[in-house]
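Please find the structures below.
Look at the two complexes coming up: chain A is in both, with chain B in one and chain C in the other.
Showing the complex of A and B:
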């Protein structure tokens, strides 16, 4: 069929979407290094960041040269969800972001691992990592939601603030076949509502359409903090064109 | 062994058992001295002199604090690492340092002091960390120089600690040294890539080595004749070699490595001395060492204030975790799983 893009182009687009999610969230988690609230979390957050960076490297390498893609693309060429680029905020915001993303990634990779598409091998390994990330985020959601009055208020603010970035996750990604996206969304809602309920938190009821509209990050439309994040991430690499490190 | 038996028959005194009287203290002291002389390990529940315990707490705490403060200068470059491979290596390294902090605070806990107590002392400026971390990481090459020189100096200092007379510290050091030797090789490899890279990269590497060389030599502490704690620590077999001996060992290791790197060490007096079988090197500016130790280094205020801020900003998280655990202490499912 001449009207559809070549299979490898489609796979490349999907690899960028999944790879950019992992790359960007890994970077944000890396920003915590040296000032996490407790030493055990220095280890845990770095662990999650390293898992995600490992996934990003595999996925970006499916699409091209990992360093060229990470360091030489402009903001509009990144295909990650707006959720993962959101600044760390306080620890509650970091945990809420992780909860929303890791439940999504766990459910998605579980389905990809069960299929026979190009992402099955990566997903088979990454789904185990995502399960740990999800558990870590759930445990902290429970501790913070059902901890002190202050932690409850902070966690509620965080889940509310990031809620509007969650709709985008369920827009079908071109090149990822065989996923029942509405089914994925209801599984996600069920899991997240269960955790929030056990954490004595209220499920947010605001819109879930992102800063622009659902699917914006996947189309290269990002939020303002992302440009500054990329400026920092890419500066050194771009300052030495052609150098090897 | 006889000494172990002597300690056992003394009623397995624990760290918290005060001897019943002066006569007992003598017997405990003799058993302790004999155990140290016989190269046995002193364990947490063994009797030990108060001064031995205090020395270990001071040293282990300082070491633990150095690991967590030492995360800052390197974390400074995580978000700017120039390739994804280097970023992964650096994140893993900084994570290892947090892990070392955990082992070491745990080792200190076996001596009856909590992590919280030690952190409070660090934040109040009543306990120290290695002065090397009061220098800034100005370029990416500093990440390599820290790995090669700072971790290299740390390993030279720490390998003998794997035979330290206090068991928990010695065992923590075995693990730490294995990881540190990875870090040292990674730092060397990073500098090698820069040194063989573009002229700008080479210059960046040389500049970093120029700035980190002398502070690295100071990491071994003051010269033997000015070292406050050395003699007693040697007698207790906490310390095995003198500061100057370890410093010389480090210089001798670094000189050929610098040659292989294609970088120079910033010391015109550095040369092989056939007679001594060691490299001679120039005089260290000890006034700088004492000045940084007193708090006047380029980053003392920044490092400590960032640490305090992180601790204060994390207080509500730690309180929430404690409150949650208290609420759910009887749960068998739900939040307390995992």
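Showing the complex of A and C:
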């Protein structure tokens, strides 16, 4: 395959966007280790985090040196969605974040896998993993939403709180070709509204972008909790450059 | 899914050797039975390339598999071994051989059902149990207990000791067991 330098640059930017989504969400899910409500769920969240980390390694390697990109970039250089950097909150918040993201990733990768672009091989692999992540999130949304008064209230609070970060997902990403973004968005809305409905939850009606406007994370503008997360994720590598086991 | 060009006798022998390496996490299976060694290319007798595909993108066993393949081929006189990780076409549990499935069952792990491409079975709340009638949607054969063979089993957790397994329990003999998930 011959590509012009310009096409490479564009692919690199897109690989960073998708790779940073996977890396940052993987780290957030890893924070549950030792804290999850039950052992099975601890293992499930760690396994989902591992799948995402594997995807991040492939994607960041398409953009450069994976370790340098993960551990030596400043906050403004990360291109992930603001949704994935949001703190874990209570378990309902984590599940709402998983629901919004995994439905998006499953639909997007399904479309990328069907094409012949540079992301098709990874997407073909990752879409099968994302299907399990989506199933996991949907099942928990149903259980919590259609559970006790307490779990219902918490799940509703969580889907409401994260709603404003969902608009950004459908801003076209340069370097990802052949995606009908409005079509992706309506497929996402339909799927999410179906799950929320079955979970006896109300579909949030607030704005789907925050003060930073949609597209902020993809432009390197992040929310306050992200800086603290990065500090924890990067400090070992930065404090001990070149350290090995 | 070996390369389109026919293998030389040397390559066949090397493929056999690479495929005989045990899986680091499930040592009852060889890499050939798991279906992850995709191709072997020999350049002369000194330099060999092996294509390996991961079961899951984040599978931490891939690095150990690569090192084991390198070691085995070096022990058989190949001076330079390169193991490449290839993603496409994506690995599926359908790539596990019949022999591999039998060994998994003997090891106490319910093997994946075939026709894996469809991924997780969508279920409504409640019916996480499978009986003789198959899965909740009636389209799939049931997951059988690897200990007593009963078709009456229930899902405990979608993710078990590794990403590739789910945790189930047999309703007949009450033993919990791992199920290699369809992928």
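Operating definition for what follows: the second predicted complex is superposed on the first by the 235 of 245 C-alpha atoms of A that agree within 3 Å, B and C clash if a C-alpha of one lies under 4 Å from a C-alpha of the other, contacts with A are read in each partner's own complex, and residues count from 1 in each chain.
By our rule, a residue touches a chain if its C-beta (ideal position, glycine included) is under 8 Å from a C-beta of that chain, and two chains touch if they have at least 3 such contacts.
Everything quoted here is computed from the prediction, not taken from an experiment.
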item	value
Chain A residues touched - chain C or chain B, whichever exceeds	B
Chain B versus chain C as contact partner of A:146, first or second or both or neither	both
Residues of chain A at both interfaces, chain B in one complex, chain C in the other	40-41, 43, 47, 50, 53-54, 57, 135, 139, 142-143, 146
Contact footprint of chain A on chain C as seen in their complex	54, 56-60, 87-92, 119-120, 122-123, 125, 156-163, 167, 181, 183
In the complex with chain C, residue positions of chain A that touch it	40-41, 43-44, 47-48, 50-55, 57-58, 120-122, 124-126, 128-129, 131-132, 135-136, 139, 142-143, 146
Touching residues on chain A, where the partner in the complex is chain B	23, 27, 30-31, 33-43, 46-47, 49-50, 53-54, 56-57, 60, 66-67, 70-71, 90-91, 135, 139, 142-144, 146-148, 150-151, 154, 198, 232-233, 235-237, 240, 242-245
Parts of chain B lying in touch with chain A, wherever the complex brings them together	68, 71-72, 75, 78-88, 91-92, 94-95, 98-99, 101-102, 105, 115, 140, 190, 193-194, 197-198, 200-201, 306-307, 309-310, 313-321, 323-325, 327-328, 334-335, 338
